[in-house]
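Next come two complexes, and both contain subunit A; in the first it sits with subunit B, in the second with subunit C.
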Partner chain A sequence: MSQARTSTRRTIAAHAVLITYTLIALFPVFVVVINSFKSRKAIFSEPLALPSASTFDAVGYRTVLEQGDFLLYFQNSLTVTVASLFFVLLFGAMAAFALSEYRFRGNLLMGLYLALGIMIPIRLGTVAILQMMVAGGLVNTLTALILVYTAQGLPLAVFILSEFMRGVSDDLKSAGRIDGLSEYRIFFTLVLPLIRPAMATVAVFTMIPIWNDLWFPLILAPAESSKTVTLGSQVFIGQFVTNWNAVLAALSLAILPVLVLYLAFSRQLIRGITAGAVK
Partner chain B sequence: MAERKPIRWHIAVFLAPAVAVYTAIMIVPLFATLNLSLFNLVDGVKSFVGLDNFRTLFGDPRWSASFWNALGNNAWFFVVHMLVQNPIGVALAALLSSPRLRMAAFYRTAIFIPTILSFVIVGFVWKLILSPIWGIAPGMLDAVGLKALFAPWLGKEAYALTTLALISVWQFVGIPMMLIYAALLSIPDEVLEAAEMDGVTGASQFWKIKLPLILPSIGIISILTFVGNFNAFDLIYVSQGALAGPNYATDILGTFLYRTFFGFQLQLGDPHMGASIATAMFLIILAGVSVYLFAIQTRLRRYQF
Partner chain C sequence: MGALTLSNVTKSFGAVEVIKGVDLEVAEGEFCVFVGPSGCGKSTLLRMIAGLEDVTSGEVKIGDRRVNDLAPAKREIAMVFQSYALYPHLTVEGNMGLALKQAHVPKAEIAASIGRAADMLGLEPLLARRPAELSGGQRQRVAIGRAIVRTPKLFLFDEPLSNLDAALRVQTRIEIARLHRDLGATMIYVTHDQIEAMTLAHKIVVLNAGRIEQVGAPMDVYNDPDNAFVAGFIGSPKMNFLDAAALGQQGASLGIRPEHLAISRDQGPIAGTVSHIEKLGSETLVYVHAEPHGLLTVRLFGEHDFAVNEAVRLTPDPARTFHFDASGKRLR
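Now for the complex of A and B:
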């Protein structure tokens, strides 16, 4: 009986700690979102109060939508993220299949070569990447960003996907070969559908840093027409730094898309992490 | 005589796109950058100068002062992460993994949210909260009677770097939490049951049974933290600008590289010195990764279940 009591007390303590930390984690986001809907006066006088009928004001959102070209930035971010994600997943899965399915000379070496990029950040090559993009006339294009992010995402994608592909049943592939399927058909019609859960995990891991990156948009594509949401909101906030309504509204708008994506994929993300990619 | 095996072209086709993009955009520029650090402009012509750039970086008092300042700040940034972020992450994961805990999925999802936000959001949100003008932080401290403790933390040389490091900890604590959580879940029940039979429960079970089993994951987290910290840039740039104020107190290698390469205010950008700094960062990260791979990882005992 005393054991039951200590375990109850321990559970309560655990919840107390976790709730406290959850509040710490969510508090800043909460503060920004509630204040983005309030009038300037209310933001300053009652920063922690929820917007009420008398303090509600969407002037910040109007400023953002009128001043900044957020729709374009959003579209740019979406194009870059989706295109990079597509190439990372396709090329990564193809390379992972080659490495995990076939025995050939240099297999291990190739695996190590591709894994190098997990540890060495691509940013260190920025100086030469910029020179290359200037030489190729790709500065201020989304293509430059897509190329860089594809290269950035590949090492981890190949690593995780080849782990998963080793687990795909050999019988299935042998059956395909006996039926006369080409190696390409085996990959695209038999293996790819089976590793969809792993692909989703890789997608989330790849997507978040691409969407949030500031370094490469700032350096490779700072033009108005190729700005991403992250760079766009950074510049916007820099210009409107004293217009608190606009700043808070811009921040809320920037939080929204990632939050929606995360909540949609979070189950998949957690399953992927706990599936033993890191042991 | 055995027939030679035909060349299996499909292997090349499967590998080619990934290897081509990776080599062209990542490996070649990396080595081109390392190579560029050996050149500089002499009388307006790009010429080979050997290690002269590094002599300037470490020998010239102006350059070396900036470099060591950035490296020292970066080291402190890393220390704060190791001392605060990783222990908190482990503790949260240990709590989350306790059996029959309700709402675990909710806590996990919520605590991970800051990690998915961009640095732009994180930097400005905290700048607003800590701002002495808006006053959420001073107001809250006032409510608990600690108003005297408030200072414009981001504006004071003595506190700015630590404050930024703690903001970064706030943002990234979800990563160690998730990885350790996964490691804790992968400990088989038999091991824990055996421990309970022997009367090892609660905290002592954590210290004596679980912690040794998750040490390899803690090793991975440490090296990820190291690489991430010595490559950091965005948070400082967003909240303090490229000058990493006040008075370079928050300058780390990433912002130093950015300023040198692109120039700021009156100083012109210098790709050669920029490449030299990138090379120095490369060597630091390589050294850290090697220490981990050869000295730490080989000594960690791994348990097969």
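Now for the complex of A and C:
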């Protein structure tokens, strides 16, 4: 009896803590979204109030959609994020497979070398990267951003995925080799589906900093044709005047695609496809 | 011509030598069991035969072909793993047919081959299922079916029964023995379970620390062990080793199986006290502490009563003793 009561109380306490945290985490997003629907005056007079009939104003969204080429910015952000994500996952998983599967001289050293990037921020090399991009004629292209973000995401991907790869049954890979599957088939058809949850985790971790990044778009691709959403929103923030309606509207819109990508990956997180492969 | 010939095969991981020169010949159609304690290199040896591990030196021949540098898929072997290792994304049928599909065998032939194997193992009702929908025993049968479909020159089993529960293990063991009779194929089987080894094998290979200790038919290995390791490893409960000097016998130790030690309350050359007794119904195991020999096991058939701490005397059957020298070598 008392056992049951304690556990209910514990459940309530745990939920209370989690709900509090959720509220704190969601509060800024909530404020951004509600204020994006209010008139400029209302934003400043009552920043925490919900939009009412008298304060509702979609001027921010109108400005965003009319001024600047926001559809293009969205497209750019999406292209950069998805392409970088694809390369990070592909190369990260391949490197992790090699590190965990094959015994070769310098295996451990190579693993450490690849993981070093986690500790050294890529922004330290900004000047060199810019010089390289200029030399390669890649300034103001999305390719420049994709290359940089792929490099930025790889260390963590290799680190996390190689841990998971070690957990994949050796017998399964051996069975594949005996049945005459190539190493690529073993990797793509046997190993990758089993580490899908890990891939989803890495995808989420990799995706969000790329989508939100302002630094590299500003330095490597500030041209109108290659602007990303984060950079595009900056036109509304001036030194003296800031168009808050437009900034908040742009930010609200920018949340949507990340949300969609996140939902797509989080579904993978809970997939139990590994059941039944090995005991 | 043997189905498998190993000539002075060694394997090192870095500076550590795990297989220290193995010579072995397995005849066509033979059921050969590698047995030994964990870490003795039996699985590594099997993986070297399969081509999953490189051979450091020596020669591996399957049939009369040297296969040292041949990919696993080209060796015409099939392997059954302890963890089943079924492909989770394929149905039972897909699992069984994959190897033939990779070898570009015509579809009709693959289907016929799967049909035959499924019939042998009673897998027809399961063909459309995925591994996740099967029980442990069914998974292992599918894994065995996957091996049969290939009609390999050599079947390799890596502790295939270790993940099954006791009842299923006995059943699957009998099934493997029946398959071997029906197929007449050469099989190499790795296990640490000596009951599996004794019941399945034509030829037992006892391995210890990367070396072969003895090769022979199960009863030869049991009745005529070459050394103390084999004598102690084969047979359950374990053989007793008595201090030969204390009994005035030749050699360093005297081996005697638990069933060949007679126990009585009043007569016998070895005095000791009962430290534990286990009654199994059909037999009774009495553990006797006797100086200077240590703990000795006596196996009696039927039910017997002894009290713990009771003083008893033991008599070894002199015709059933084995003499070993200090290095464990058998003195004949």
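Note that in this section the second predicted complex is superposed on the first by the 215 of 279 C-alpha atoms of A that agree within 3 Å, B and C clash if a C-alpha of one lies under 4 Å from a C-alpha of the other, contacts with A are read in each partner's own complex, and residues count from 1 in each chain.
In this section, contacts are C-beta pairs under 8 Å (C-beta built on N, C-alpha and C of every residue); 3 or more make two chains touch, one makes a residue touch a chain.
Not measured: the values here are computed from a predicted model.
S.K.: I'd like to know which partner A:169 touches here: subunit B for first, subunit C for second, both or neither.
M.R.: Once the two structures are laid over each other on A, A:169 reaches subunit C alone.
S.K.: For the three-chain arrangement built by superposition, which of subunit B and subunit C touches the greater number of subunit A residues?
M.R.: Greater contact footprint in residues on subunit A: B.
S.K.: Where does A:189 make contact in the superposed view: on subunit B (first), on subunit C (second), on both, or on neither?
M.R.: In the superposed model, A:189 contacts subunit C only, not subunit B.
S.K.: Could you say whether A:178 touches subunit B, subunit C, both of them, or neither, answering first, second, both or neither?
M.R.: The second partner, subunit C, only.
S.K.: What is the contact status of A:128 with respect to subunit B (first) and subunit C (second): first, second, both, or neither?
M.R.: A:128: touches subunit B, not subunit C.
S.K.: What is the shared patch of subunit A, the residues that subunit B and subunit C both contact?
M.R.: 273-274, 276, 278-279.
S.K.: What residues on subunit A touch subunit C, complex-wise?
M.R.: That would be residues 169, 171-172, 174-181, 189-190, 193-194, 273-279 of subunit A.
S.K.: Which residues, counting only subunit A, touch subunit B once they are in their complex?
M.R.: 10-11, 14-15, 17-19, 21-22, 24-26, 28-29, 31-32, 43-44, 47-48, 87, 90-92, 94-95, 97-99, 102, 104, 110, 114, 116-117, 119-129, 131-132, 147-148, 150-152, 154-155, 158, 182-184, 187, 208, 211-215, 219, 230, 233-234, 237, 244, 247-248, 251, 254-255, 258-259, 261-263, 266, 270, 273-274, 276, 278-279
S.K.: Given the complex with subunit A, which residues does subunit C contribute to the contact?
M.R.: Touching subunit A from subunit C are residues 47, 50-52, 71-74, 77-79, 81-89, 98-99, 102-103, 130-134, 136, 139, 158, 163.
S.K.: Applying the document's contact rule, which stretches of subunit B touch subunit A when the two form their complex?
M.R.: Interface residues on the subunit B side: 8, 10-11, 13-15, 17-19, 21-22, 24-30, 32-33, 36, 88, 91-92, 95-96, 98, 101-103, 105-122, 124-126, 128-129, 134-136, 139, 170, 173-174, 178-179, 181-183, 185-186, 202, 216-217, 220, 223, 227, 231, 233-234, 237-238, 254, 257, 261-262, 271, 274-275, 278, 281-282, 285-286, 289.
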